[in-house]
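Same chain, two partners: chain A is paired with chain B first, then with chain C.
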Partner chain A sequence: MSGSAQADIRTRLQEWLPKLVLAPSFAVTLFFVYGFILFTILLSFTGSKMLPLWTFVGWKNYRSLWALDNWHTAIANIGVFASLYIGFSMAIGLMLAIFLDQKIRGEGMLRPIYLYPMALSFIVTGTAWKWFLDPGIGLEHILQQWGWTSFQFGWIKDGRYAIYCIVLAAVWQTSGFVMSMFLAGLRGIDNEILKAAQIDGASTWQLYRRIVIPLLRPAFMSAFVILAHLAVKSYDLVIALTGGGPGRDTELPATFMYSYTFTRNQMGIGASSAVIMLMTVAAIMVPYIYAELKEKK
Partner chain B sequence: MRHLSIAALILGLAGPAFANPSVEVMHFWTSGGEAAALGAVRDKVVSQGVTWTDEPVAGGGGDQAKTALQTRIASGNPPAAVLILGQNILDWAEAGMLGNVDALAAAQNWDAVLPQAVKDFTKVGGHWVSVPTNVHRTDMIWASKAAFDKIGAPYPKTWEDLNALAPKFRAAGIIPLAHGGQAWQEAYMFEAVAAGVGGADFYRKALVDLDDATLRGPQMVAVFKEMAALRGMVDKNAPGRDWNLASAMVIKGDAAMQIMGDWAKGEFTNAGKKPGTDYACIPVPKAKGDAFVYLVNSFSLFAQTDPDKIKGQEVFASAIMDPAVQIAFNKAKGAIPARSDVDLSSMDACAQATAASLAANDKAGTAVPTFAGTHAAKAAIVGAATDVITTFFNSDETPEAATAALADAIAAAK
Partner chain C sequence: MSAVTQDTAVSTGRIARVFFYLILVLFALFYMLPLYVMAVNSLKPLSEITGGNMMALPRVWTLEAWASAWSTAQIGVEPTGLRPYFLNSILMVVPAVAISTVLGALNGYILTKWRFRGDNWVFGLMLFSCFIPFQIVLIPMAVTLGKLRLAGSVPGLVLVHVVYGLGFTTLYFRNYYAAFPTELVRAAQIDGAGFFRIFWRILLPVSGPIAVVSVIWQFTNIWNDFLFGASFGGTSQPMTVALNNLVQSSTGVKEYNVHFAGAILAALPTLFVYIVAGRYFVRGLMAGSVKG
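Take a look at the complex of A and B:
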């Protein structure tokens, strides 16, 4: 009698324990993530300047936001940056992973070398690349000193190309990380399938094209989700590398949001830009994740 | 520590009993000269038995400090004294967040010893809410004597002189204008040109009153035309360069001039250069009569309820206004004292000339508040204008187009 009651409590406890343990972190997430999303959405409809004010102004902030040239620059830049950054990081990451997967000697040494940039903060990456790309002290200067006097590489000082410098630094930083994700995916592929394909006379190209890459689909999804959110929130890299310049040519939504919210006393407009960023990310990610998760079932 | 407690004891016996007066000072003065300057105030405060809590938030123009302050205010725990610039002081005063030291100011007769220019940003609505440490002049040219000697030219007196110098410097292998291509630096350059080309009246109408007709007028086009001339004098590596690196170019003689506020003097002093023999500090040419663009640094006093903290604020304010502290502070900071009645004979020639010019311009009403430093207009407007200015400086936009864009941006941000 008493034994069965004890067992009952135990099973109930076992049932409840995970929920109990998760409850604090769930509550914290609920408050600090979703609570603040809600707070930001509310702020975007107020006339907040230096501090939050609860005078509602309707869609005024959104109208002002879309009338700002700066915001259009930021939107165009994030389009260029995100597509090139995600594209190149994945392509280079996949390539490195496939090469490293050829059972080569010294893989254990090579892998961390490619992975190490990820250990740096974006500020360090940005500063290092800023010096490297600076025509006065970096690559251009060195190559000219070595005798290639006609060599020119002043992208970072040119408003038309500076955004590509940011892509370059960002790709350098993360492609090693993407590589390790793909490498893990490659290692998870059953060798039997590959052998079977080889016996059937598939070429290496066909092997990768038809079997390996499709099997890496989950790795592609993780990489995309991680890279996409890194792209949208990239702030520190831009600040360290170009400071948003020359002029405002490398302004991104994140730098725009920070400067309007915190330095220009236009918190309402800053909040509305944050909401637009959230909606954009949601519009891209939610259908993608939904489709991927649904197919698995 | 022991001395401190003894001093506190004596002070406590002398006046009403305070348990432990203290002052928490939030600021963004973290570079060598700035920290040394603030040290002069701290020593004075600490010597009177007040505990000094330093709250530095690194980051040049104080943007990060501003964010930190907003957080403190939001949590209902404002620091006692905060370094804030220009219109932000007025905003905080308007929000009712600032206390005051009216009694002390009356006793020490601050009204008589501070120029009107300074009072505009420290005495708000009749209350002394902020205590000024120094005045900076932003419309300055820093010129390399070696570079000017090399081409055998005198320092420019007019904008035409200055523009005519550029090809001569280029021919001699010298960059005419050392420039740090960051948005805020271009905004300071713009205001120097606005005061120089347009004059004090124009400056006030356009950048303080934000009069739309003046903003769209021919004088603004003339200002942008001069900016276009300056745009042609910089080297191609200017974008993104820090201001002190641009100063270093002038110090080394690689470049002839830099247009920058007088905080640049610290760089010259630290490099062991002497005004007059190694470099010249000259106000930008003035086409329409004298003018002086000023930036006031001051510590704003946030309202406190704890009597210890209120006492701390008073001691702090009194220490800043001490003539000896003003001199020591400004020798380290490279600015001029906010008080107009201190003896400047121990300061360098640049500081003396700037102080004399401030006194004259203050009297004539031609001292105008800095626009880039958000004294003349609110941060939102300065931000919007800065976008236009930096876009113009980093492209080949025409002066006419930039004038229209500036007026539109300011109108939209109002």
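Take a look at the complex of A and C:
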């Protein structure tokens, strides 16, 4: 009698064990991710300054946020940065992938060179490019010494152009990764389809435009989603490269949130900017994750 | 697969091929440029950078900048060099990678071999957490770490990195285990093997490759993190934050050669991993984006 009861408990335990083991991870995720998101959303409706204060002020923070010049600069910058960063990374990635896919000798040597920047911290990347683009010692100085004395390149110190320096460094860092995503896509295309098209007399250009690139749609999707969410999250690179300057000319939402929350003691406004960042990323990621999980089923 | 490339190669002319090589090599030079600039200038005395040309090889080769970056350079207010921060990073990375990978393996095992109602929701919620902009959790995390008395400490950073790395490690192991035949698990179950025994004896022995992917991904991500380190590092700041402090310090002469040496020091561990296990690194990147 007691033997069977014991066995019963054991099977019960075995049934519950997987859920028990999973529970801590899930609980941690619920608390540290979703609980924290809720916390920040609530905070964005309070008049918090240096520390969280639970005096609710309605939409006041959001109204102040959209009235701030710094926020408008950040939004304009993220628009410029994200579209150029995504556009150039994809164009360069696709081009390199297609070229590498032409039975290139030395592919095994080129690929790791294209991809290694992905292993570096944005702070390292930022440091390297910061000094290389610095007019005093970097590119401008180098070309002037080489004899092109009228050459000028001071973008990183010029508020109008500094954002393009950030685009350059960011593209440098991730375009090799985009290349490898496209290359994997290219290598996965069914050989027979291409053969058939060639027999039908399609030129190489037509082959790529009409058949190969449309077949790469999933790779385009993934690349876009990854680059878009990296763009919204960009923080380290700006800090290392320009520190948000000159002035506040290269401010992005991520740097805006940090400085308003932790240095300007406007926590309510900082929280509301974080909520807007989250909404943007969610709008991109949620449909993507949903579609991927549905497909898997 | 190589047949595909052959097909497309057939129709490209000689001139086109020269053009391909030209572009490919030009881009290789573009990608190597910053590394070259850092390496070459870290081996020069400062005067050769400010008075000379950044692209030139050193006339006097010296390791002084490296020694200074490692042990005497001014970081913030202390002339400690990067060494203590390198140690902080190691102390933070090792446990964070180990814990998140073990938990990821168990989660992946459960989500594929012990499925239950709503498991896809659990996974979806964990997966989304990989992609949130971390600004959304900074304030409550600061409050929580303060309450737990972990603010500004290495264990605090370990906790943060485990929590926000779990989604990725779970994703890796889940997708990997999904391809493992569930019948074997069921058969072992009928033979009386329990939850942990099946994991230990059947799943774990085949998990080598994905464990390497997970370890490399977590190592790279956590080593390279700046935002959490800067926000919660306190007196235990990691390498990236220290490097940024070194480079941005506004006092005194800008020692570019020391900055470059420091940057390479900060990059060395992840570069080393990339060179030794590049194949797995690429797989991890791909699995994090093109799933399955």
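Methods note: the second predicted complex is superposed on the first by the 254 of 297 C-alpha atoms of A that agree within 3 Å, B and C clash if a C-alpha of one lies under 4 Å from a C-alpha of the other, contacts with A are read in each partner's own complex, and residues count from 1 in each chain.
Note that in this section contacts are C-beta pairs under 8 Å (C-beta built on N, C-alpha and C of every residue); 3 or more make two chains touch, one makes a residue touch a chain.
None of these values were measured; they are calculated from a predicted model.
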Mind checking chain B and chain C on superposed chain A, clash or fit?
clash
Is chain A touched at more residues by chain B or by chain C?
C
Of the two partner chains, chain B (first) and chain C (second), which one does A:Phe262 touch, if any: first, second, both, or neither?
both
Counting only touches as set out at the top, which of chain B and chain C does A:Arg248 meet: first, second, both, neither?
first
Tell me which partner A:Gly79 touches in the superposition: chain B (first), chain C (second), both or neither.
neither
For A:Thr40, using the defined touch cut-off, is the partner it touches chain B, chain C, both, or neither? Pick first, second, both or neither.
second
With both complexes overlaid on chain A, does A:Lys130 touch chain B (first), chain C (second), both or neither?
both
Quick one: which of 38-46, 74-82 or 218-226 on chain C sits on top of chain B after the fit?
74-82
Chain A residues contacted in one complex by chain B, in the other by chain C
52, 130, 243, 262
So in the complex, which bits of chain A are touching chain B?
49-52, 64, 67-70, 130, 134-136, 154, 156-157, 159, 162, 242-249, 259-260, 262-266
Per the touch rule above, chain B residues touching chain A in the complex are 63, 66-67, 70, 73-74, 88, 91-92, 95, 181-183, 236-240, 378-380, 382-384, 387, 390-391, 393-395, 412-413
Chain C contacts chain A in the complex at 1-12, 17, 20-21, 23-24, 27-28, 30-35, 37-38, 41, 49-50, 53-55, 103, 106-107, 110-111, 114, 116, 120, 122-129, 131-141, 143-144, 163-164, 166-167, 170, 178, 194-196, 220, 223-227, 230-231, 240, 243-244, 247-248, 256, 259-260, 262-264, 266-267, 270-271, 273-275, 278, 281-282, 285-286, 288-292
Contacting residues of chain A [partner chain C, same complex]:
14, 17-19, 21-22, 24-26, 28-30, 32-37, 39-40, 43, 52, 92, 95-96, 99-104, 110, 112-125, 127-132, 137-138, 141-142, 145-146, 172, 176-177, 180-181, 184, 186-187, 189, 191, 194-195, 198, 203-204, 207, 218-219, 222-223, 225-226, 229, 232-233, 235-236, 239-240, 243, 253-254, 257-258, 261-262, 267, 270-271, 273-275, 277-278, 281-282, 285-286, 289-290, 292-293, 296-297
